């Protein structure tokens, strides 16, 4: 368990009908770090992400999590190992209240989720912990609001609270800032920074400012391949990265 | 993942559950007075069996988001098993019900395991095809007596105490069984399991990413629904005193969809209302021959185009209550 | 041996109907995302149309072969324009429920007026009689059904896979919004596609009339077998629908010879097996 | 249309029905004609049986004597569960005294159970299964017209004796088909023939090709059609298409009605042997009655033996009522009374009702005329042989009816 | 290159994108649009003049693609005004709009996998005269000709697919082209080729509305830029003012 790297990929490749979306990607995510995966649109970030959480099955390559080969596991099983993801488009249960959203996650660990003969009031024992988690992400006043009625930025926060409820070892965040205004971005960035004390985080992000401030290590993808890896300061000096990410000019 | 109804999407808060309990007590009281009203009890008993069947069906579509077009196979299987056990083996009524319901349960495990592999339209087509397979099997196996069906089934003494050949006693036995099953369904919807099921229906990828194996929950819902449909089929044997191919035919599967749809998919009481409406319609309009089929088809069309929440769903929406 | 060939022929005939119907279902599903439960009822209307043409207008089988698909196809297009169109944006299952309701209405109306037993429709004089092929006795009409449906299937395949109109259709199946943004009237195409699918069903109905009698419920049970065919083949490809249709007919024929008791169920059993091995169907794409 | 309205009103009365208990002794009678109104037996029973019932009421003369007689009718769709449901409601709510016709043996057997339980009456004309007066006999059922024994011993024996000594059956997969196959097998074997195989087909089959191919492959000399109505018609037509009859095999339509011959046309049906207990052109009595019947039919069809049986059975019932002077609303009592009286009407001639409920009268073996022989519409049969009453039905000493063991 | 002297300042607040001399081919005023219940455009205002290349810049989810789709009529629920060549498009269906001479090359190219390369190329119908002939197109994209017989459009490389996506709308006779991120995920050498193509189209008189994230690339072809954020156009400037606006760009685009 004391491996230096919590998640590794070896030669990860995904082909869609003749198109190589991800090719031969080797990642090593250091335990306890915030690792960012960046790249221009169409670079294969989200595909890569879906491969890691097993929502897609790789065409070739291996994924090792905590020393265990998870390449052919089902997505729910991966989640049960403590590798939990978020989604690019905010993923909440729209017609459950914020509290119930978090409770669904808490409930999973306690094994009574097949009990169809018991009243759901047995779930009330999770309420204190759920409120705690909502407090953590600043959603106390939304506890009894249906998720569908919450503002966009708050939904992202709720999603993170739900993920935290599983007490994962590692979180994968898919563009947590997508579609947010500046104010929300700062709040979520602060939240990510805070939770990173306890969890390893791998995030896909488009917003370089956020990445610059948050991440320990950055991997740059272009056209499905790893172009470069390092800290932000180094990468900004890398001509290849500039060209790939900021665009190639001519003349 | 396709969610066909938004009725049940409105979470039943504490008040919702209270409303539903009040409605339940009213329903139970009304039904309990039937034998004193001069209403033909046979009609109400039949409607109760279909109401239970529709509620069980609704559990799957309304809360699991899965439209089964083959639910008649559970009704019919339980009917045949119970009928055979009563008539040929001469078992007691309670054991007959257990045998029939267990048969439907076993069938739902197998068919659920197969059909749960696909969703949406494919799920509907697969369940329909499976029920047709079951239909042909029953058409050919000797114990069902093919087109003749099993006839003249003895009703017997329930627990050795209640003479089920007395219409009033039979009525109350059916009523109690219906109410208990109804409560079980109601509890299932409002159980820890029901919560997960709702979460999966709302956002399956998210539920999976939280570590829920969605298929297992859907299968569980399928089995519960199939088993309770079986209970309805077993009870029906005591009312109709026969078991026949009609109950396994796809038209029966279509009828149950209609009952749930007209009452309100994903509402607690909708299927009961729907079942009474359709059974009454078939009874009173029988003289119109096949026009009944036409009317049923028209109701389907109207419900789908303009009335998707069903009667109870519309009423609930009007009063902003969940029923 | 003779019986085996004969049963294979019967299988091929059933296969012709499976192929024509599942082809229509696949074409409609591609464009409208609707599983057309009314397909069986419209197949029946095709047969009735032939019956009316003969008994009211005195137009024989050969006219029916052309007129019935057009008339029923137009009826289908009216259905699409007035009813199905309103389902845009709703869950696909509503399409299934709506077309189921339509099927009940159509079948009910015909049952009211014509009962549930069959009305006779004679084999056209040109196709009466049979040939003794030595290894089997071939009724001419049944041979004609197999050959003609094969030709229609191939022609439909050619239309969709090899012509410009077909290219519109395939493209619109993938991305209707973009095709419309290229200046093509996609709603009209959808209507025509539904008409085409229904026309194929009606054609199958005409072909079937002399064999199966003209009965209000002739399509009701058939459509369920065709659903199983569609699940087995997947709705991904036109050729796939055709081949699985014919192949399952033949398998059914073989079963009738070797183990007649299972002939009603063999298609459904195959469906179960395919689902266990390859849930998306033999030619299907993941949905 | 009238029928529909009355059925609707009847339906609405349903909910209001109250437990007034059985009237004892009055002059009110309600007849329920329960049969196939829209399916494959609609032509041989269907609305024609309702007309026959009305004719029986008129001819009984009871209305002139102060009786109130109502007729209701319903479609049982050939489904036992539907039939039992309707019958139960008729007896419980609508106080129907007599269920008439009830073709389709599976429905008849199911209704017979109910009728016994409710102490009502079934006067069966349409169903064929000889079980109704054998192992399934009840004190509340009388079986008129014909049964599978009649058919087997008419057509089956005659064909076997004339050289058709190997048989293959195409059997409708329900009670009637099974009974007909069983009884015919017995008759064939008794006459020295052999049954080489059988295949069951579902009720209401359109395409018989694969069943016919199995029959063809069996090389049997006779293919026995143990089915009825539309099924028989389809099978005969398709047998021609597959060259079965030209290949030397003979078709035996074990149960065939004049309505079927009409549907087939003489060109296809010519030469077929069939057994019936009634034909419109038998004598002056049948001709007169049939003419009246024909005038009332929308399509001017001649009566089938089933429709004739409905008339005859109800007429006999009314005679019994007339003798009693009032309706006791007691099924077993009425049936017992009817059994004591000999039957006599212009249709079936003189006969009797056996203790097991079987009505005994002669049967006839006919051959279908060729188009050249036919002198006009509905002139379809020539009489080959008359089977005397005592040979046409199961001898009483061979009946397995439990009622006889007393 | 057109020399843009006056820098038009598109101001969302006032709703007046200042029109410089030269006829505005496309005028957009207070364009709002919804995907179902979700409000994606909150009032877009800008103009495109005949013969120029205009680029919309903005972060993911800012509303650039939605703007193109709204112009094209591909989003059903929309309000405001879109005038093209004097005609109001806001109530038109997309097939009608296309027949006025507007063509779109969508994001991720929209190559149909069930069509072969030739069918993909020939798919859009001719809407008016003046389209490029197939020969002219092969002249523009020489490598397309070799791949014409390829069985499946999506078997082409990303660059070839992009060429095909542009090529097929040149055939139709549309003179107003909307290109949605044509450089996405492509190699630098291909990006250069696309840049040259756009310049050539411009010189042939096509008017082009471009959506880009790669503003280095955009700066090589565009006359003017508009910046989209939260479903509004919040700023606009001429290409010549790009350097002066670099700071702002970094804030808005987060790069």
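Here are a few things to note about the model shown:
Note that the chains are named A, B, C, D and E in the order they appear, and that numbering of residues resets to 1 at the start of each chain.
Definition applied: a residue touches a chain if its C-beta (ideal position, glycine included) is under 8 Å from a C-beta of that chain, and two chains touch if they have at least 3 such contacts.
None of these values were measured; they are calculated from a predicted model.
Separation of chain A from chain E in touch steps, taking the shortest path, is 1.
Note on interfaces B-D and C-E: more C-beta pairs are in contact across B-D. Summarising the inter-chain layout, the chain whose CA centre lies farthest from the centre of chain E is D.
The chain with its Cα centroid farthest from the Cα centroid of chain A is D.
Taking each chain's centre as the mean of its C-alpha atoms, chain C lies 39 Å from chain D.
Mean C-alpha position of chain A lies 76 Å from that of chain D.
Once the centre of each chain is set as its mean CA position, chain B and chain C turn out to be 32 Å apart. The multi-chain contact residues of chain C, meaning those touching 2 or more other chains, are 111.
Within chain B, residues 139, 289-290 each touch two or more of the remaining chains. Among the residues of chain E, those touching two or more other chains are numbered 113.
Chains touching one another, given as pairs, are A-B, A-E, B-C, B-D, C-D, C-E. By the touch criterion stated above, chain D contacts chain C in their complex at residues 37-40, 42, 77, 199, 204, 206-207, 209-210, 213-214, 216-217, 229-230, 233-234, 237, 241-243, 247, 263.
Of all residues in chain C, those touching chain B in their complex are 35, 83, 86-87, 90-98, 100-109, 111-112, 221, 224-225, 227-228, 230-231, 261, 264-265, 268-269, 271-272, 275-276, 279, 287.
Residues of chain B that touch chain A in their complex: 9-11, 184, 187-188, 190-196, 198-199, 202-203, 205-214, 216-217, 220, 224. For chain B in complex with chain C, the touching residues are 2-4, 67, 69, 114-115, 117-122, 124-126, 128-130, 132-133, 136-137, 139-140, 250, 254, 257, 261, 289-301, 303-305, 308. Put simply, chain A touches chain B in their complex at residues 53, 55, 74-77, 79-80, 84-87, 91-97, 100, 103-105, 107-108, 112-120, 122-123, 146, 162-163, 166.
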